[in-house]
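In what follows, chain A forms one complex with chain B and a second complex with chain C.
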Partner chain A sequence: MNKSKTFFTYIFLSIAAFISIFPFFWMLVSATNLSVDVTQGRLLPGSHLIENFQKLTSSVDIIGALGNSAKISISTTILALLIASLAGYGFEVYRSKAKDIVFNILLLSMMIPFAAMMVPLYRMFGKISNVVPVIGIDTLASVVIPTVTTAFLIFFFRQSTKMFPKDLLEAGRMDGLTELGLFFRVYMPTMKTSYAAAAIITFMSSWNNYLWPLVVLQSPENQTIPLLISNMGSSYAPDFGMIMIAIVFSTLPTAIVFFVMQKHFVAGMVGSVK
Partner chain B sequence: MKAAQPQSKFGPRFKAGLTGWLFIALAVLMICAFYFYPMIQALILSFQTGTGSNLSFNGIDNYARLFTDDMFLTAVKNTFIYLIFQVPLMVVLALFISVLLNNPRLKFKGFFRTAIFLPCITSLVAYSVVFKYLFSSDGLVNALLLKVHLIGAPIEWIADPFWAKVTIILAITWRWTGYNMIFYLSGLQNIDNSIYEAARIDGASAIRQFFSITIPMLKPIILFTSITSTIGTLQLFDEVVNITKGGPGNATTSISQYIYNLSFKYSADFGYAATVSYSIVIMIIILAFIQFRVAGDRNE
Partner chain C sequence: MKKMMFLLLATVFMLSACSGNAGSGASSDPAKKEITVWAWDAKFNIAALNLAKERYMAKHPDVTINIIENAQADIVQKLNTGLNSGTTKGLPNIVLIEDYRSQNFLQAYPDSFRDMSDSIKSADFADYKAGPTNYNGKQYGVPFDSGVTGMYVRTDYLKEAGYTPEDMQDIDWDKFIEIGKAVKAKTGKDMLTQDPNDLGLIRAMIQSAGTWYLKEDGKTPNIAGNAALKEAMEDYKAMFDANIVKTNSDWSQFLAAFNSGAVASVPTGNWITPSVKAEASQSGKWAVVPFPTLKNTPNSVHASNIGGSSWYVMNVDGQDTAADFMKETFGSDKELYQDMLNKIGIIGTFKAASTGSAYDKADDFFGGQKIYADFAKWTTEVPNVNYGLHTYAIEDIMAVEVQNYLAGKDIDSVLNDVQAQAEAQLK
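After this line comes the complex of A and B, so read on.
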């Protein structure tokens, strides 16, 4: 590679990296500055972090929103992993022609845009409210239930199961394990990495989900973190320092997951496509 | 990896019986209840009219209404503008970055890759709000452009119909380029280096190598990312709502936002909202089909 080309490569990648990182930098710096300073374009860390945080906790229920988001995302992740891995395992280990047809039909659901199901789902949960109010409109459960099963995750687990050594199942059967026992005691512990990757993808999309919670959650005490930030962002006289702290809080869990489990993260994304 | 076998590698003994079906039962039930059943409901709804739950059938009137509904046509036009400019821009940018990053002699590779991927960890709402402030008329982007004398007066990134679309496109590109890059990078790693070496010996230029080796080898992945990006863009909602609210006027309204407005902001016109939502389903099917034909058929 000649010199000018190398130079161009570094310049281009540096600009791309700068543009990618800058909004994060601005968000972090602004969280420590007064709103006035932010509007004047201050790009240095300030000393108003605590003050902004106190303003935030006294004007909106950020702790409540974080709690709601955590409850929704954690229960979605656990249930989604269980349902999808049972199915992915079932489709691959007990493979049959009929099941392959069912599998292909399930994959079609990946093409359905959420906006197309939003209205029927809303009406469905409206009806459920009359019968079982605890999972009806405006409950955390109503956010979890329709989003917990995705064909994508079933597909992901089926693909991962192809790598699972079948000898382990035979050995387990010899030891007298039941079919369900094989799944929980042999398959699950062996597939830890797949579960980790799936957990990351599911947690992130659940934590960041906006449209369905916006439709189904109505009372302020059920607000999730994206709903709270959206509301704060649409106010006419925004307090930048305060909003940026809220955004930092909303980004922190996914950022931690990303940096701690970077390998699984990318493996999960790419592995599902191969 | 073991060689692919036509039958299940777990042996015929376990194929039969109810056990397998029990493993998949819950997932099948859930997908039917929360994907297929709503889609059938939406289809029925799309032939009905009324407010809230007072609905009556009105034949294909809703579908006829689509073609005279200015709001709908604007939303479709906006969505297609995003599609036509944003998806190619992002695919080309992501490909270009991946090829640069794939250079074995490049230093700080890990840093560049992580940095460019970082936008993917943000929630759509959070980054939209950040972008709204960065691109406001007295925001940092204008301040910076004014300072380096690229522009003489502040650009109305949010309030001008043209620039508002540009802002949305820039925002989506920022959020998703790194995501696509990861797929291309993993694809590039699977291309045998000897192919490039052979090409170099034959005297093929870097540009020639890119178009004759890289692009054809990555074709399945480019197809995959184009389809997912197309589906994503047709469903665009979070960014538009949180950056421009669909404005100025309806200059940035997306189809999903229009469905939301019809159902939950205006007078709960569920029937017509379902009709509009079926138009997205039809568009996704047509566009996915076209992309398959364009990218898929050449090999046959």
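After this line comes the complex of A and C, so read on.
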């Protein structure tokens, strides 16, 4: 009875694992095949990896695009974590009726889809371009600024702060820390777990962000990875082998961030229990 | 406190790393010597632009031309956002727009595009390009590539079934289906491959009869009572009923169907030539025959179109330079068109350039057939229709109803339903 239960569990898990792993397998295999083989569904690794790679590097600036994506994602993540955690901390620790109202308004703003804000936002940045061109349209900063903080992240940090032992703050005050000092030296180290989770979410959504960078970035030297890949697919005769290599490159950083953060995730958990 | 200082420093550093070179302010300078062009497809449109740029720069070394590659859907999104927001910031000087979509932009934002009537003549280009590139009697677009259709056929499969390409020079779709059945019976291969969500074949069939999803005003749906469309749909269903269609669900499966040798013919635009030739082992086994006609629609001809696009100059700084660039290259340069065909395989729609050595070349992949000369000839025969404002919107409705039709729904009620839905949606 128990044995057959385990057996079916394994069958089910194997199918689930296959479904989630197969696309990655397909991506890696296709990166080594010619476009014609990819369209015909070849499942065996081919010998055209280097050829595909050379075609990719000679036809598009993949390093530049990776660099742009990295600059945008890293600065967005750092700024968003700092700002949203300060806000979430503030809302929860210095509570008042008025602040709760502001917080509720903030929550409502989560319901506005980005597509609805895009045109006004673009108009705004068009105006900003005339005054402060360094953060106007077609700069990497213009991609970072609208996403440096989101209602969701503030909400996330406020919820996490509810778990934060407030006695620690009292202890800190006794030891003569300023309010900001409390935040940076008591709150931040204790909340590593939440920061790790928030960093993963923010980095991934920033790395894969498509719509806003698409409309606001114009010159090829500012292109991010999702835009680059989108361009390669829009063709009467797309080169799938080359596209797959580019996708491998775009997937690696998110995978790395995830695995690195996962480790901290666990460390943070242990730290907060101590 | 150290940590905080570090974070602040990191923030400042990151922000400064992100602020790059930005465009200049909004001054009006129509003769500005630096222009920007948006297009898609590195191996096709961008490659053509680079040829044009090279030739133009040789005569005008003081001009800077920035060519920017974006996916087609992305260009549509960017243009819509930019035009909608009312700021000319970030808009290009020249943009490539697919012919099916051009009227949307021209009618919604006529002031944002430059009237090119002074720079080029509509009559210099294939007649059917006038529909999409004209608006209100003004010539806005510079017609670019020909999406003229042909019927790519596998001569070896046809031979097994007892046919030759000569038998297919003047056929209608009924005859095509008959040949398809013979091919299937003898070789086991399907005659063609279709994606039920992409009705390019039906579009091409009705354009061959000079009609479209929309009436000539480009706004009123022309579905119910459209005899050519009804016949095209009946032929389309007959193909499925005869079991000679291999269905595909996306572009890569479409390419795979003929690259792998699973189908005996590909009725589509000439831009598929490089993809057909990608499978070098099939060299000598292909030929291109004229597009079949609709049997019961008298004005249906052996020429039609799928896709194709044109250049549009925008009303922003540098527009004089942009217009001059277009005029001297795509608007008049015969040599450029020869180069485009030789080096890229693009068939243009500029009439004066549709002959010459590049077009007269025999292609061994197609058994020595002069396919480019054939395509150039057919380009001149494509009927002109107004693609209007809603081609893709109607196609979305059609795609659903075509499924119902294939499942057995009556043709007249299918057309009436599409008409009703289109009228309700596109008010």
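In this section, the second predicted complex is superposed on the first by the 237 of 274 C-alpha atoms of A that agree within 3 Å, B and C clash if a C-alpha of one lies under 4 Å from a C-alpha of the other, contacts with A are read in each partner's own complex, and residues count from 1 in each chain.
Here is the rule we go by: contacts are C-beta pairs under 8 Å (C-beta built on N, C-alpha and C of every residue); 3 or more make two chains touch, one makes a residue touch a chain.
Just so it is clear, the structure is predicted and the values come from calculations on it, not from any experiment.
K.L.:
Quick check on the superposition: with chain A as the shared anchor, is it clash or fit for chain B versus chain C?
P.N.:
Once chain A is superposed (C-alpha atoms), there is a clash between chain B and chain C.
K.L.:
Pick one for A:215: touches chain B only (first), chain C only (second), both, or neither.
P.N.:
both
K.L.:
Applying the document's definition of touch, where does A:186 land relative to chain B and chain C: first, second, both, or neither?
P.N.:
Neither partner.
K.L.:
Just checking: does A:197 make contact with chain B only, chain C only, both, or neither of them? Give me first, second, both or neither.
P.N.:
Neither: A:197 stays clear of chain B and chain C.
K.L.:
See if chain A has more residues touched by chain B or by chain C, and give me that chain.
P.N.:
When the residues of chain A touched by each partner are counted, B comes out ahead.
K.L.:
Determine, under the contact definition given at the top, whether A:75 touches first (chain B), second (chain C), both, or neither.
P.N.:
Touch partner of A:75: chain C, not chain B.
K.L.:
Touching A:230, do we find chain B (first), chain C (second), both, or neither?
P.N.:
The answer is both, since A:230 touches chain B and chain C.
K.L.:
For A:36, using the defined touch cut-off, is the partner it touches chain B, chain C, both, or neither? Pick first, second, both or neither.
P.N.:
In the superposition, A:36 contacts chain C only.
K.L.:
One more residue to check, A:242. First (chain B), second (chain C), both or neither?
P.N.:
In the superposition, A:242 touches no partner, neither chain B nor chain C.
K.L.:
Scan A:122 for contacts with chain B and chain C and give back first, second, both or neither.
P.N.:
A:122 sits against chain B and chain C alike.
K.L.:
Looking at the overlay, what does A:112 touch: chain B (first), chain C (second), both, or neither?
P.N.:
In the superposition, A:112 touches chain B alone.
K.L.:
If you lay the two complexes on top of each other, which residues of chain A touch chain B in one and chain C in the other?
P.N.:
In the superposed arrangement, which is not itself an observed complex, chain A uses residues 39, 41, 118-120, 122-123, 211, 214-215, 230, 232-234, 238, 240 for both chain B and chain C.
K.L.:
If you look only at chain A, which of its residues touch chain C in the complex?
P.N.:
The contact residues of chain A facing chain C are 35-36, 38-41, 59-60, 71-72, 74-75, 78-79, 82, 118-120, 122-123, 125-127, 129-130, 133-141, 143-144, 180-181, 184-185, 188, 211, 214-216, 218-222, 227, 230-238, 240.
K.L.:
Once bound in the complex, which stretches of chain B touch chain A?
P.N.:
Answer in residue numbers: 1, 7-11, 14-17, 19-24, 26-28, 30-31, 34-39, 41-42, 45, 53, 97, 100-101, 103, 105-106, 111-112, 114-119, 121-134, 138, 140, 143, 174, 178-179, 182-183, 186, 221, 224, 231, 234-235, 237-238, 241-242, 245, 255-256, 259-260, 263-264, 270, 273-274, 277-278, 280-281, 284-285, 288.
K.L.:
In their shared complex, at which residues does chain C touch chain A?
P.N.:
Residues of chain C touching chain A: 1, 3-4, 7, 10-11, 14-15, 17-26, 36, 40-44, 66, 68-74, 77-78, 81-82, 84-87, 89-90, 92, 251-253, 255-256, 259-260, 271-272, 274-275, 278-279.
K.L.:
Can you list the residues on chain A that touch chain B in the complex?
P.N.:
1, 9, 12-14, 16-17, 19-21, 23-24, 26-27, 39, 41, 83-84, 86-87, 89-96, 99, 102, 106, 109, 111-124, 145-149, 151, 154, 163, 166, 169, 179, 183, 204, 207-208, 210-211, 214-215, 225-226, 229-230, 232-234, 238, 240, 243, 247, 250-251, 254-255, 257-258, 262, 266, 269-270, 273-274
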